[in-house]
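Just below is one structure, and these are the notes that go with it.
Chain IDs A, B, C, D, E and F follow the sequence of writing; residue 1 opens each chain.
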Amino acid sequence: MPEVLIHMVEGRTPDQKKALLQKTTQAVVESLDVKPEQVTVQIVESKADAKSKGGILFSER
Amino acid sequence: MPEVLIHMVEGRTPDQKKALLQKTTQAVVESLDVKPEQVTVQIVESKADAKSKGGILFSER
Amino acid sequence: MPEVLIHMVEGRTPDQKKALLQKTTQAVVESLDVKPEQVTVQIVESKADAKSKGGILFSER
Amino acid sequence: MPEVLIHMVEGRTPDQKKALLQKTTQAVVESLDVKPEQVTVQIVESKADAKSKGGILFSER
Amino acid sequence: MPEVLIHMVEGRTPDQKKALLQKTTQAVVESLDVKPEQVTVQIVESKADAKSKGGILFSER
Amino acid sequence: MPEVLIHMVEGRTPDQKKALLQKTTQAVVESLDVKPEQVTVQIVESKADAKSKGGILFSER
């Protein structure tokens, strides 16, 4: 605890996702003074045609 | 803000998903009097054998 | 099915929330050709100091 | 109502996922005294390189 | 891992919520053959006027 | 995009929550090379009797 969910479109590289998981864990550890093993982070990815901002699909940007 | 997550089983057509993203954005804009670009909508899809209603898998309906 | 979660800051009026729930349900019904009673919508509200955009808390905007 | 989301890494067998969906439904029915058809359960899976615990990716465990 | 989120309307008794948390944990342990301490369950509650099914608010049912 | 949800028990101080929102935003910006204003973070809090780990409620730890 806590559990972090990061919602985004597919397409990031493995290195970017690894950095995201590790830096987010560190952010939680530093802010809440918890141990790293208490923190889970999951990236919930969707295809670009399954996400929009302002009604514009990420596959059409 | 706000951020909308729509959880459903895989299988809808790209046109259905596009209509869902755009109509949901419009619903939020009209209800909360916010600008479209403030609204993100993400469809979180799962396989039919990873979702159930009443204990019955969508792959067995 | 589907299930919609709308994440936002507290503070909207009951009428705005009712309109949001009903218009979002209608958006899903029209897009996916499902019956209204198949659609659940939940508004997940947080206090203004528990949400940020661009690192700026909604309580400080 | 209620709607259950189970976040985990890909890789479980269809039988394990079926058991998870059915046992979770039963747990909700027994605890809250609701009918099974009121309960939806969705497993939200991510790849092993998109999830971490303690900053360690599940693909590196 | 895994992490379970249960979305529902406010109003259940502490005993019902405790039973829900414990029975859901047991369901996950039995289905996926994981240790109990690997499983977190969080009930995400909303007010009855912030949730609907079929476009009808739970506060108006 | 992306949108981050952090699920945890109530009880943290406003300063801890502010640090959590800001450090998480920074982690996403650095990892994915996006602008801060593209990143929303929402803390989804539950009461201690509405969350468990290993079947033990946070209100009983």
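Here, contacts are C-beta pairs under 8 Å (C-beta built on N, C-alpha and C of every residue); 3 or more make two chains touch, one makes a residue touch a chain.
The structure presented is a predicted model; accordingly, all values stated were derived computationally and were not measured.
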{"item": "Any chain that touches chain F and chain A", "value": "B, E"}
{"item": "Contact-pair overlap exceeding half with A-D, pair selected from C-D, A-F or B-D", "value": "B-D"}
{"item": "Type of chain D:chain E copy interface by residue overlap (half), same or different", "value": "same"}
{"item": "Copy-to-copy rotation for chain C and chain D - C-alpha atoms, rounded to a multiple of 5°", "value": "180"}
{"item": "Centroid distance [mean C-alpha coordinates] between chain E and chain A, Å", "value": "23"}
{"item": "Computed distance of Cα centres, chain C from chain B, in Å", "value": "12"}
{"item": "Averaged-CA centre spacing for the pair chain F and chain C, given as whole angstrom", "value": "19"}
{"item": "Junction residues of chain B, two or more chains touched", "value": "1, 3, 5, 7, 26, 40, 42, 44, 51, 53"}
{"item": "Contact pairs between chains, per stated definition", "value": "A-B, A-D, A-E, A-F, B-C, B-D, B-F, C-D, C-E, C-F, D-E, E-F"}
{"item": "Contact set on chain E toward chain A in their complex", "value": "1, 3, 40, 42"}
{"item": "Residues of chain C touching chain F in the complex", "value": "7, 44, 46, 49-55, 57"}
{"item": "List of chain F residues in touch with chain A within their complex", "value": "1-9, 12, 16, 19-20, 23-24, 26-28, 30-33, 51, 53, 58"}
{"item": "Parts of chain B lying in touch with chain A, wherever the complex brings them together", "value": "3, 5, 14, 17-18, 21-22, 25-26, 35-45"}
